[in-house]
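Note that the chains are named A, B, C and D in the order they appear, and that numbering of residues resets to 1 at the start of each chain.
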């Protein structure tokens, strides 16, 4: 597999990651969201492996395997169990005006492309072009966390942001040191578990996962 | 030996006229298989058309000339479009007659008159169909243009045969812009040719109709022309997709053997497209009309991502 | 001195003056006045068109200095390529409309005197021609005011209706706010460069020569753009259009919408490409954005209307937007000095200017004859007119097809050229613009598709189906002169659509003079039949072939099918076998636009409520249901209401000083004098 | 979904073979020589039916609906139900034309282009059936519009309808 073909593949994967990010923003169903998230992790893992091959940075293989293990298998499984236990696995969440959200997302992508222009000038890597996509993925994750009301969808948005960060790291500087990777992965797991407990508490206190309920926590005067 | 391009043109139009109903028949057939039924014959649409030609015409009393003119115009436009899109060869004298934008505009004038014909007889159904058709069309148009934009960025042209030539050179399936443009194009085709989930071509319920509602009052040869033209439109969108995304197998010039091969390849591709179409139609249910905004919005999103990924990633 | 465009144009002025001279004598015989007046007006405008065309094709520029005007401020006149082109636009449509008016104005006979209609019509024509001829700021503004004032009186023609007076006043206010901005802009261009020393730099030549510092240039541009947008009806300055155009007599609204708005376009092009010439890219981006907004919002507002002429007025907003899109793109390309693409975009914009003049004039004339026949502007009361007035129906349909940008008519050609300019924008060096401009192309596509929807509604509801109104019987076809005027405009639409290469060939020197690029050579690279803006392999379109091809297939099919004499039986409507089908059960304009009203509803302020009066019988069977829908321009509440309130508040405050006693006024003036003495 | 589709494709068809699958007497079988050929003879293997409910109790409608299911599946013969009489060759009228539906029935009939068939389906459509003599019905389709054929039965089974259709077409063919 020659370098040119590999970089082609990489950019294709980058665009798929962007697509899944958009999908996460506009998708209504819980299960579909989980599937999209898993796919995003999968694309991320493959592209990480390809970048490792391109840059000859072999620790990226490990981080790709980590991504595969955690973001494609473990986290979706945990979240799946979670939403089944919370009996929201069939829930359909209303997203505010999907076309408007899409347009917002497009604007964000353009913005991030504009933002990363100087870095593209500096960097010399084959993968520098995907940096904009990575930043856009982060922003879209953020957008998702903003537009969603449901706690589970918000953690998915959080994880999507983290995907974007990892992708940015791999594409900008052939990945961060392995230790950091491991740490991040561990953090994610812990975060997921903590989120899980939170959900239980939220849902037991308000018997709903609608974070707007939290407004009731502020003291009335 | 080389065939004269004009003969290839005539050949193409003949292929369009003959194969389009068979393509529709093939789709029906595959659908029947998927639903576990025995299908009618592959040529059923042909029989319907022939039967309709032999029947009388019953016109509404207040139908004006527009109502009678529309079927011929729609038919004529579909036939002309068959000479523009490269089906059997990329070297066509008429292919310079219109680029993709003009081609889309040709289809939209056909739609314009169909909608007028729907309003002509002054039934509520006709007006309803016209209103919905024009609404969906106006939502589909930006997505279509974006898809054209993305493809023309790669093809460095908006003339169909030029794009086909350029794209058939590079290994374009790896280009994100083309992949997304293809996704968008599929959604737009579903909307423009009135397939599930946007419109149900086999519906019997007037209130859910879009395209059918406009032609409810047509009969006899007029109906035959309109149905034939809509089959041709589906076929044309299919070959347009082939020419701009998977043009391999379409020869550069009208060399006899390669044209024959091209015909076979075309039939093969069409069979594949039919299966994909039926998979979509069996998998999805018809949408509420105000969900179509989101459907076409995502088509626009795909096309835009394609356009942007050309600048960002290629 | 041998014959030259300037003689032709002066002879056309002579004819106009002749009309004014004859009017007092013909006043007593109104019918004769109409015949003579508008016939001569037609001749005059024809001369104007000839003069413009002449100077356009020969690429000649002639200047004359009239010794009249203020002391040592003589009037400068100049026919160059640009004014020649706009003379063609003005003269051609004015020619058609004057012929049309011969029949149309007779509709007023017996109701009111048409004398001042004729007079102001002539003055209006003269004003528009002078605006494009003027070569100095002073004369330009005088002609501008002449045009504005005469059109004000024309809008006010049927002045017993309160809506007319209101519309005319609104129009006057907006026009003058614009005029002030233009005046200031010329002031900046002329004065600030040389510090008001001497009055010699009020001519356009001096302004061309002057080299402005960039910030002054920006100021001048912004002022001029504001002023001309107010005249052109660019959103958000569009509100006077949908008020003024419907109430004016239809021949006048045809001229106002078809030509008068174009003088504003002329002003923008003149100031930007001729007087200032060097500018940053964001000017173009600004024009482009305003153009896009006007295009989309204009067509959306048009969709919501059910008053035929109001709908057409909003479409003028849309088309001005499309023209500005072309000009804005051209400005962007120019600022990155890509002259070829700039020429393409500019030609697209100017071409659409001419096209819009033709089909919008045609449509307003058609609306006029419908109004003449039914005395209705509300589409909900029409329907089935194609059976009563077949000619008008066909011609109006041609207008609808052209304005919906459908081949093979002219609207499509110019929009297609605009698309080509859009599709070539990736050549721009700036990556940000590369990503943004395609979205603009998508908006343009949305616009033209919505326009098609809107005109299916307009034509379908007005001319097709069954008649909804009460006076179905005595609806008569338009007279011969009205039909002739419309027919000529329709032929112009077809011709401009089918022979674009010639047109581009004539406009090419103009583009070269303004932006320094020519596309005619490449545009007709394959011969006159093929329009290939940049190169044959980039994009190509052949209107003649498409037209002839489709026509042949249609005819052949028809003949083939009628070789067998198939019996065509007329039967009543099926409509589910429903018994009591009334014309009220057809889709109305409101219901046609309902899906789009719901999808784009967030752009309007929509008030909608259903009231069901308690009926004697069972509540499940109501006698009647009142449905009330009110769609309003958000801009009115956002921008204009506050201004109006503020001005009323201010005038009330000032009104306090108004005591009506002479001593008080003496005190005012005395105090003023004292203050002056102190501070001098 | 894919599983279902694959099952549908590869499992054995449940459709009843015509005519032997229909339990009919040998005499009838003798009458029914190849149905398809007969559909062929007049309507070019394409027969489009517009079903009209003229005040029926919907039993006949259910049987007609059953015609298009995978078991009986008359679409394999090129017969189909359409939405508009203008598209139709045959009007399949059910119910004892109630006064309310009389006008609609007439109008639909003249809306159908020639050549056309009118078939009264069910006992009610034949002569009013159990509603016979009621003040509200016209006692059968025949009293309102000329009828080419009648399918008895209350309601006629899908089998009966298909057999009857074949006989009707047979009759018209001659």
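Note that a residue touches a chain if its C-beta (ideal position, glycine included) is under 8 Å from a C-beta of that chain, and two chains touch if they have at least 3 such contacts.
The shown structure was predicted, so the numbers you read here are calculated from the model rather than taken from an experiment.
Annotation: B-C is the more contact-rich of the chain pairs C-D and B-C, by number of C-beta pairs in contact.
The most central chain, judged by C-alpha centres against the centre of all protein C-alpha atoms, is B.
Chain centres here are Cα averages; for chain A and chain D they lie 58 Å apart. Chain B has its Cα centroid 37 Å from the Cα centroid of chain A. Contact of a single residue of chain B with at least two other chains is seen at positions 56-58, 206, 216-217, 220, 293, 300, 304, 308, 311. Residue numbers of chain A whose C-beta contacts span two or more other chains: 106, 110, 113.
Among all residues of chain D, those that touch two or more other chains are 84, 86, 110-111, 113-114. Listed by label, the pairs of touching chains are A-B, A-C, B-C, B-D, C-D.
Within the complex, the chain C residues that touch chain A are 431-432, 435-436, 439. Across the complex, chain C is touched by residues 53, 56-62, 64, 66, 69, 72-73, 75-77, 79-80, 83, 94, 96-99, 101-102, 105-106, 108-109, 111-112, 115-116, 119-128, 130-132, 134-135, 137-146, 149, 152-153, 156-159, 162, 206, 216-217, 220-221, 225, 289-290, 293, 300, 304, 307-308, 311 of chain B. Chain contact summary for the complex, chain A toward chain C: residues 106, 110, 113-114, 117.
The residues of chain C lying in touch with chain D in their complex are 567, 569, 571-572, 574, 576-579. Here chain A touches chain B in the complex through residues 5, 8-9, 11-12, 14-16, 18-19, 22, 26, 98-99, 102, 105-106, 109-110, 113, 129-130, 132-133, going by the rule given at the top.
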